[in-house]
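Both complexes shown next keep subunit A, but they swap its partner, so subunit B is in the first and subunit C is in the second.
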Partner chain A sequence: MTPAVEASGPGWPQVIWSEALQQRVRTAKVLAVGAGGIGCELLKTLALSGFENIEVVDMDTIETSNLNRQFLFRKRHVGQSKAKVAAEAVKRFRPSCNINAMQANIKEPQYNVSWFKGFDLVLNGLDNLEARRHVNRLCLAAEIPLVESGTAAYLGQVSVHIKGKFECFECQPKATPKTFPVCTIRNTPDKPIHCIVWAKDLLFQRLFGRADVVTDLDEAAEKAEEGAEGDAAAAAEQEASFFVRHPEETSEAYAERIFHRVFCFDIERVIGMTDLWKTRKPPVPLKVEALRPAASAAASANGSSHTNGKQAAAMDVSACRSMGLRDSHAAWSSAQSAQVFLKAIQLFLDLRADEVGAAVFDKDDALAVEFVAAASNLRSTCYSIPPLSLFELKGMAGNIVHAIATTNAIVAGLIAVEATKLLAKMPAACRATHLRSSVHTGRSGRERVVGPSMLEPPNPKCPVCGTAQLTLEIDTAKTTFKEFLDKVVRRKLAVSQPTIISDNFMYEEGPDLDEDEVADNAQFLPRPLAALPSGGIKDSSLVKVSDQSQELELMLIVSHQEQWDEEKDPEGFRLGGTAPKGRADAPVAAAAAGPSSSAAAGDDEDDIVEVSEEALEQTKPGLISKRKRATPEEDQPGPGKRLKAAADDVEVLE
Partner chain B sequence: MVLGVAKSRLAVERSNWRKDRPFGFVAKPANAPNGEVDLFTWHCKIPGPAGTCWEGGLFPLDMTFTENYPTAPPCCYFPAKFYHPNVYPTGLVCLSILNAEKSWKPGMTVKQVLLGIQELLKEPNNGDPAQQDAWEDIDMNPREYERKVKLQAQRYKA
Partner chain C sequence: MVELTEAEAAVYDRQLRVWGVETQKRLNAAKVLIIGCSGLAAEAAKNIVLAGLGSLTIMASSTCAEVGSNNFLIPADVESSQSAAVACAATLQEMNPLVKVVGLQQPQAALPPEATLAAFNIVVLVDASLGEIQRADEACRRCSTAFYAASAQGTCSFMFADLCNHFWTPQGNDKSQALTQHSSTFVSFQHAMQHPWRKLHPRKSHKLFPILRVCLELEHKLKRRLGPSDTAAAMQLAGELATQEGAGADLFSDALLEEFLCGSQGLAAVNAVLGGVLANEILKAVSHRGEPLNNFMYFCLLDGAGVVEHIGG
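This part shows the complex of A and B:
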């Protein structure tokens, strides 16, 4: 498996020692997106590998919980920009390295296609799907190679994406965060996560959060029926008022009243919905009296920790600590859960009263986590679901993926390796690499933890990269939308019933539209492109053009061009790239378009628009036969247990 | 910027709906006064099934999608306090085809969803109550149920 090498030069990896590649590495301009777990490691590795021009973007600030693995940061940096502090730290040990740091969201509009085009490579070290998708799309539009990465505990992966050559980030469907149906959460939970969602999104919200937030989870539902024509909002208010503490009510009495309501009264009410229990086991209500321990024990434990010394900082208040429950890996008994539940409510009301009514669940808020854990376990008890430990519940409630510095370091190293191959112009040597949590024996019989596999060609049905892409140079300030439709879309692209989408602007045409719709669409025709809704079509805009009357779809990448030479470009616009061929019987006669605007191949003045069969096929996903997948070098690992939804990729997130 | 998976699919859904819309139904992405369109929110109308107490009504329904569509189903809302056993007081429709853990499939179209909800109007599922009002009436007082449904159909007259 020798990678493609130019002429007689050295292959991979020998090429690393060539002066030419080292020079290329020094001069290459790379964009690192993210300066967190992977990002810190990556910046260090890039700088030490000879990269000297790095731009780093990260919107986050440093938190204490980052310090164990994001080693460029120290305690004194907490609260400062990750990108900036990381850049300064790297420059200290590698002063020759130019790192330009920006504290910003990569999705901001100034980071547009032309900005991305200014880089040789884009390297992702992101922690969320949305930003990954966004960077993938911009790299496709700008035609810049992307090295994408992710880690979760011992698992990790690095992949390389080049438009038209390899799969893009979205060619394979991604596992998305799970949502749970309202009925299950409210009435018929059967998994711990259902109880956690209930405790966090419904109960915590209702007791400590903003009163005006009403969700489908709210049982204001049930109350609405009392006055059939009554006001739902009033019913919701009446419902919410139950959860308001009465004046004179002690925090202890309040906590017990809430306990009785949610684990006894509400459970009995659900049991009354007999239709629900025809095929399921009904829940069992809990009585607070039965779960109360010897009163004196609780009281003395509580007395010792909170009365002496200054009042603890809000985030340090803990029900568990005051009760002596130290092992976060042990599941509590129902009695212990009940005590934590009552204690957590009391502490919240007594020590953090100013937050009540505005609190938001935060995974780093010990008391909030304890409350949610206890409430979730109690509800689990009602529904015969096994209880979990505080540690497990915290992880699930906070969607925490435990991060390991070594995994991040290995992944960052692999990113630098793939980046170097790309700069060496050896895409055939690029690999997708998976890091596994245990030694894996490949087909070759070799045992390894780091497993490379061949990169897949693009999925022709991919909704993101499967669309043909053209560049359009045009004066967006002067050209009206009608002129654009007539000259570019109809005449040049042979679209007969165009649908145009650009960001949140949409234009439709066709005999099926009703009068109102036709009028709505017609109002856009006289406007200049730049004055259309949703920011207008202007420099760097991405415009999707499709034809309602035939299978044709393409993306235009617009650049604004004011100066036009009448001689060279009499039409006042220029199309570039590979255009799909319109249907032969497209309504616009080629003759009307003049010699320079025919889309036919072979027209010498028009050779920037070349028509290829592939491009045509690209626009007709229905015609593509099921593509053959390249055989990976090794069989894929079994998917991790909490990440199993992804196809054969381990989709992981730091 | 560039259309993502969800938005591309919604554009396709709109295009397919225009080619093949069931009689009497409406489904259209929301328009803002400034001329922007929100492909993630559709304003729809479902005709009450003929030959039932729902007949004559044209019921407004909002369909909201997320970036996770079509992996995740849309949320469908009738107006708040819509009278039907499987509609929450907020208007949210509770239906197995709209539930990712039950019968939702990413291939399901807007048309199938709307036809499914029309079906739900005449065939409520009393095993999955979402509101007490209609749920109790249908069991204990079917005549009252029918009266209220007809009243509602009048209110949303086509």
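This part shows the complex of A and C:
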């Protein structure tokens, strides 16, 4: 079926039995990125297939919830390095396989282009888009073939990327994370996720997080409410001070004061914004007195929290356990939510006081999850939104992947097949393969559960492997250089170590800079773009953005734009693209690909991540292989300033 | 049904988000028997033990020295005369202490008595000859036990499902839909093998199906398992059968027959793919959730496709 590429010798798959290929497999040096769900399966299948020189990089440590699929790990390994434990486990059944394990982030600078050049193949089993884009760029720069993969529940896919021959990982747009208008989150939620985002990103942050972190939510609210910008800072300070615990205040009194403020006072204030309720049902405030159990039995029966539990490990503190709420699949009543809310705040203040002011939400932090779940359900009650169970809320708040062993095993098998074809020097035999969940045999009596398809040639308009130029519309007088670096260069363009050149102005980041250079650079950060040296970045400026570590070079054509409609362009800039030589009609893929800053954060589970909600629901993964070229605007649903919702922070596989 | 323990909820968290608590409880009550100890058997066993079951029993006559090196459940330093089934069971038990795993060394590669088969919800026969598949399927039918067979040979593999009359509800979160009960009727392996070739689609029908029929008949004639030396005889028999069945020559692929009779155990990557699909089906069958695959699935590296085909219904 597949013609042999080499004129003589066996074709695919007979070539597998040739001594020449088997020798190549034994001696080939492969890099496996990730030792999680796909990674464990991949290391096993590679070792059994005869691979003997593997380097594996994974920064994560093993968790209990990994054990249902990352079969090389045992309960006793929880807390240890995934890469190291996996390597040792494989050697136990295949001692001839040399696996060099590194517990590290693949984006670290020592994994540079010349290091990548030391491999014959790179095989990805990653869990986040940002790292995938980074590895893609290094493979392009090093000209090393890449096999990319992803899984979610029953869906999976494998693709092969060779520079100049097939599409690179970034040739097609990646869906942007779902965002919600700030107004919806603050005033008019109508879905559980809106309440979760409020509880996690606003309230948790306010009560337990860093005081200096002002979220977009707060900022927008103050502007909206105070009108004049000058007052905003003062108002914000006043607002923030309310959430500070008074010197003599008991944790119980504090918890009740907060309850009253957010579920009664704030709700009443919102009810007063009558314009909002012309077409909607207004919320209903909650009174803490009405929700307190008659005898307050549950709380007091378990004793006060001021026991000698102060030595308890932070992650073991649980409001639910102390209240006897064991079924995480049952939705709480409002009274139960109120109890958990109050209890969680008290436990946090009493047992984890040293964390208050610096806490970061973590899906494995039981108390934090309980607090967010209770707060979210109470807010849902105000807005007549049905409550969810702790299990469901944890999944949404923690952006938890749906993962099973079988899909990872199948996908890893398919990666090993493509790796073998690459070593056989038969790129024409390589395929992109999708794994489907449906086994309907339909009327034809036949269906593909594992569906290979031809690989596409590179997209010439790809800004990463092609030659596109990008246009950037931005307010060059107001946007600071730091905002430009954070929001445009890092978040939108996934550049990790930027070098920016505009005329004679140059800004650099990276490990090679000395202290003076770093200090020199830092002074540019607060300046508006137009006030940078050498005339500044302003209308018609040409800005070269490059990343030495990724061997990436992009040209930005800047146009100054003062008027921004927050509803239409919540980010306050617009990134678009044109192919060179005046082909201005072509929208560019990368612009649509906005990785969220949290996508690469350590709170990701292992396996994939990059499957949209629709993809999860979809039985046929046609969506995954869609050939949609969207402009960034098209992907933004509805009006309003957006808040990135980490809970829905999942992108389409490819 | 028994509620999930805290330990189960913690370990199974990510899959509960895929199939829900109800399915997990049903899995936790299931008893599965795997006969065989090849690399493919190891893949399927690993996958279903990770998912959680009431119990898994593995039976095999071979010692660790006798099974192929593709079985990753057997440590390299194990005593080579030890029962392969017992060695696999030990690794699986450690992999998931929440499942009861039993390894049994069979005296000979004989099928266990029907009373033994009847004690399981599902019997899975791995890498047996086609004749053995037919006999095991008949025995399971007699005691109304659901039956799966799966084999991988070199770059080729297939699985066969016979759940007799199987009731199931759809997968997914739609509660109204989930209550609708469906039923699927399966045919025996013998019945499927007798499916007339002229009813097969000359181009689209999977090329491995006629090969199975040819090999079953040749096995029967030679009274042994086939190997690479039987390729010519199989091709000849294929020609005869095609004439007899009034089917075109397009139905048969000599290249695929050669791959199928390569004489090697399944390649690790092939085992991984088929073992994953097989495990998904076992889990669907024991939980009665999700439409089951009915009744053949083939996966071959020649085209890299995993094709489901309904034969003989």
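Rule of thumb we're sticking to: the second predicted complex is superposed on the first by the 331 of 654 C-alpha atoms of A that agree within 3 Å, B and C clash if a C-alpha of one lies under 4 Å from a C-alpha of the other, contacts with A are read in each partner's own complex, and residues count from 1 in each chain.
The rule is short, and it goes like this: a residue touches a chain if its C-beta (ideal position, glycine included) is under 8 Å from a C-beta of that chain, and two chains touch if they have at least 3 such contacts.
Every value quoted in this text rests on a predicted model; they were computed, and no experiment measured them.
Participant: If we overlay the two complexes on their shared chain A, which of subunit B and subunit C does A:391 touch? Say first, second, both or neither.
Facilitator: Second partner only, subunit C.
Participant: Check whether A:61 is in contact with subunit B, with subunit C, with both or with neither, and answer first, second, both or neither.
Facilitator: Neither partner.
Participant: In the overlay, answer first, second, both or neither for which of subunit B and subunit C A:22 touches.
Facilitator: A:22 sits against neither subunit B nor subunit C.
Participant: Give one of first, second, both or neither to describe whether A:555 is in contact with subunit B, with subunit C, with both, or with none.
Facilitator: First partner only, subunit B.
Participant: Just checking: does A:140 make contact with subunit B only, subunit C only, both, or neither of them? Give me first, second, both or neither.
Facilitator: In the superposed model, A:140 contacts subunit B only, not subunit C.
Participant: Using the superposition on chain A as set up above, list the residues of subunit A that contact both subunit B and subunit C.
Facilitator: none
Participant: In the complex formed with subunit A, which residues of subunit C make contact?
Facilitator: Going through subunit C, the ones touching subunit A are 6, 9-19, 21, 39, 43, 46-47, 50-52, 69-70, 72-77, 94-97, 154-155, 201, 204-206, 259, 262, 267-273, 275-277, 279-280, 283, 291-294, 297, 299, 301-311.
Participant: Where on subunit B does subunit A make contact in their complex?
Facilitator: For this pair, the touching residues of subunit B are 1-5, 7-9, 11, 14-15, 18-19, 21, 28-29, 31-32, 34-39, 67-68, 71-72, 80-81, 88-90, 92, 94, 99-102, 106, 126-133, 136, 148.
Participant: Hey, which residues of subunit A end up touching subunit B in the complex?
Facilitator: By the definition above, subunit A touches subunit B via 109, 112-113, 130, 133-134, 137-138, 140-141, 170, 173-184, 214-216, 220-222, 224-225, 228, 232, 235, 273, 275-276, 278, 463-464, 499, 501, 503-506, 508, 510, 512-513, 517, 520, 523-524, 532-534, 542, 544, 546, 548, 555.
Participant: In their complex, what parts of subunit A are in touch with subunit C?
Facilitator: Touch residues, subunit A against subunit C: 1-2, 12-14, 16-17, 41, 44-45, 47-49, 64-65, 67-69, 71, 74-75, 92-95, 153-154, 326, 328-329, 391, 395, 400-407, 409-410, 412-414, 416-417, 420, 431, 433, 438-441, 444-452, 605.
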